[in-house]
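Below, chain A partners chain B and then partners chain C, in two separate complexes.
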Partner chain A sequence: MPTTYEPIATTTLASAATSVTFSSIPGTYTDLVIVCQVAFVTAANEIRLRFNSDSNTNYSYTRFKGSSSSASSDRYSNENHIHIGSPGNDAVIGNSINQINNYSNTTTYKTVISRSNFINRELMATVGTWRSTSAITTIYIDNSGGQNITAGSTFTLYGIKAA
Partner chain B sequence: MAVVSIKNKLRRGNLLVGNEAYIPPAFESIATVTVGSGGAASITFSNIPQTYQHLQIRSLHKGQSYGEITLNSGSWARRHYLYGDGSSASVGSDTANAMFASSSTYFYATICDLFDYTSTNKNRVYRVLNGGDNNGSGVIHLFSGLDTTTTATTSITITGTGGNNFQQYSHFALYGIKSA
Partner chain C sequence: MANTYTPISTVTVGSGGASSIDFTSISQSYTDLILKISARTSASGNVLDLRIRVGNGNVDTGSNYKYLELTGIPSASIVAGGGGTTDKFNTIHPGSSVTASTFGSVEVYVPNYASSDKKSMSTDAITENNSSNTQLRLQAWLWDSTSTINTISIFPSSGTFDQYSTATLYGIKNS
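Right after this comes the complex of A and B.
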């Protein structure tokens, strides 16, 4: 039986960097999963995603968050990215797991659904939409403050193949 | 049984000698349904093999307003949910059947896990991460639910609530996850 859930690419930062890119993503899977295990050199804002080098305002997202004392929800429209996690304090490791179902179809907008856990700040669930019917071939990950991501942070892209 | 290596053509007495060990995949595709132009009132995965530890349904779907999950022909005892609608976060619980949210105007993504589905001495528990966003509207959900039956799950039906269809291009894929 063929492998159904397999790693496509992994990036482990040898030195601090401001972004990570997965390019030339094959269209042969059904879904993608991006697992980010990250820390930042200095206090960081939001980790964010973009697709296919599109930095126009074609993104939107809705999220809920839980911190030590409260839960809340917010929404952002006409953005140039999708937020997928809030690292908060520097050098504290956290993770963000992002699912993109039917990423290669060319008839629907692309939906990202994610969960992130950053212990010094909050846990969060996010759903985001990229208003494009293009197949996703490139994923760009950075943070809204432009801070460096700490060396040793890992980013793994998996592909899931349906029958 | 002696075999000939596909790498170096050497004859060996062991199937694995000289070859890469075969590692069975732990996450396997069982079945996939893509909804056609006429829509579909429900999606059914039947004759589910009993050879996995857990199941996962991954979907991208459109259709008002919830997908109700039925295991075999049973009903659910209780569910809890947590969601954010862009302005506030809310929680709740009730005795409604297992569901995930959907919309007639834009696509939602859903990841649904069903644990120990073959067990005959434990109740069924599911969890869902589900949401959709439409650039100004949308909801992100967490659901969990309990089915108090102890019958092994052999079929799963997902029905659009209120008799509404899932629309064209909706896509549901069932996967099995093996244990060691």
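Right after this comes the complex of A and C.
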């Protein structure tokens, strides 16, 4: 049986940090999955994705989200990131699971499908696009407030291979 | 390199039905678990609760479950819910009132199930049957325990699982 769901890299924060980077991602897979388990040290914030050091306004995303009392949806165009979750600074480390399909092709823009689950804040489903035909070789995960991500937070990148 | 999306166990309900589907003595050698469920219950109704409990040794029947959810209902807005605690986790599956042979699908993702952190999970569930008696439900849930998970039980809120209901537990390794 071919190997189809392979761990590429895992980062577990030994101490608090503001960002995590996966670099030199091989182009040998079909899709990528990033599993993030995250909390913040001092205050709730947004975690977000960028690719290949592109911090220009080449990203857009649409999301719907819910807390215990309200549901909403919205979209953002010409952003410099894709929002993939809203961790809190409580004792619960929540998660954000992200699929990046056909990440290494050099013909199409790249899409992200994200599900995040932060029980004391909100759950969210997001679809995002990076308007670039470049193959993704670097994934940068940070937060909008420059806050520290809690030590012990983990980020794992998996590669999915088609037949 | 290791293949990490590993089937741990599959249970398929036989002709007599079953009151629950249970996974016990789950290996602690993976990083995350994925549970995929295809199920339908004998109880009357269209969209009924599909309940899940987890535990270490025995399933936890205490009020140690918390959830948030977004439910999509035909001809209605998306509805948010949850926030309190309960003694089980509720997702959805179809009852006997829907079209024959129609089963619901549920995927449960359980990150870091063998850690000493509180367990934060997610569930996506649908009951689709070519009518308006359907739902789509996305959920975040928490088992408020630092124990590792080695037992999972799935059971309908009433009735029994129909024949051909099935659940497969997969293990994901990050190295």
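List of remarks:
One rule holds in what follows: the second predicted complex is superposed on the first by the 158 of 163 C-alpha atoms of A that agree within 3 Å, B and C clash if a C-alpha of one lies under 4 Å from a C-alpha of the other, contacts with A are read in each partner's own complex, and residues count from 1 in each chain.
Methods note: contacts are C-beta pairs under 8 Å (C-beta built on N, C-alpha and C of every residue); 3 or more make two chains touch, one makes a residue touch a chain.
It should be emphasised that the depicted structure is a prediction, and the values quoted were computed from it without experimental measurement.
With chain A as the common reference, the superposed partners chain B and chain C clash.
Contacts of A:Arg115 after superposition: both chain B and chain C are touched. Judged by the touch definition given at the top, the superposed model places A:Gly66 against both chain B and chain C.
In the superposition on chain A, contact is made by A:Ile93 with chain C only, not with chain B.
By the touch criterion stated above, A:Asp74 is placed in contact with chain B alone, chain C being left untouched. When the two structures are aligned on the shared chain, A:Thr10 is found in touch with chain C, with no touch to chain B.
Legend: residue contacts after superposition of the two complexes on their common chain; A:Asn45 is shown touching neither chain B nor chain C. After overlaying the two complexes on the shared chain, residue contacts for A:Thr21 are found with neither chain B nor chain C. Contacts of A:Ala125 after superposition on the shared chain: both chain B and chain C are touched. Once chain A of one complex is fitted onto chain A of the other, the partner contacts of A:Asn101 are limited to chain B, with no touch recorded for chain C.
Stretch 78-86 is the one of chain B that runs into chain C, the other listed stretches 78-86, 132-140 or 168-176 having no clashing C-alpha atoms. Overlaid on A, the two complexes show chain B and chain C touching the same residues of chain A, namely 1-5, 64-66, 71, 73, 115, 125. Within the complex, the chain A residues that touch chain B are 1-5, 30-31, 60-66, 71-75, 77-78, 99, 101-102, 105, 107-109, 111-113, 115, 125-129, 131, 160-163. For chain B in complex with chain A, the touching residues are 24-32, 58-60, 82-89, 91, 106-111, 129-136, 138-140, 142, 169, 171, 173, 175.
Within the complex, the chain A residues that touch chain C are 1-7, 10, 35, 37, 64-71, 73, 91-95, 97, 115-119, 122-123, 125, 152, 154, 156, 158. On the side of chain C, the complex with chain A involves touching residues 1-5, 31-32, 66-70, 77-84, 109, 111-112, 117-118, 120-122, 124, 138-142, 172-175.
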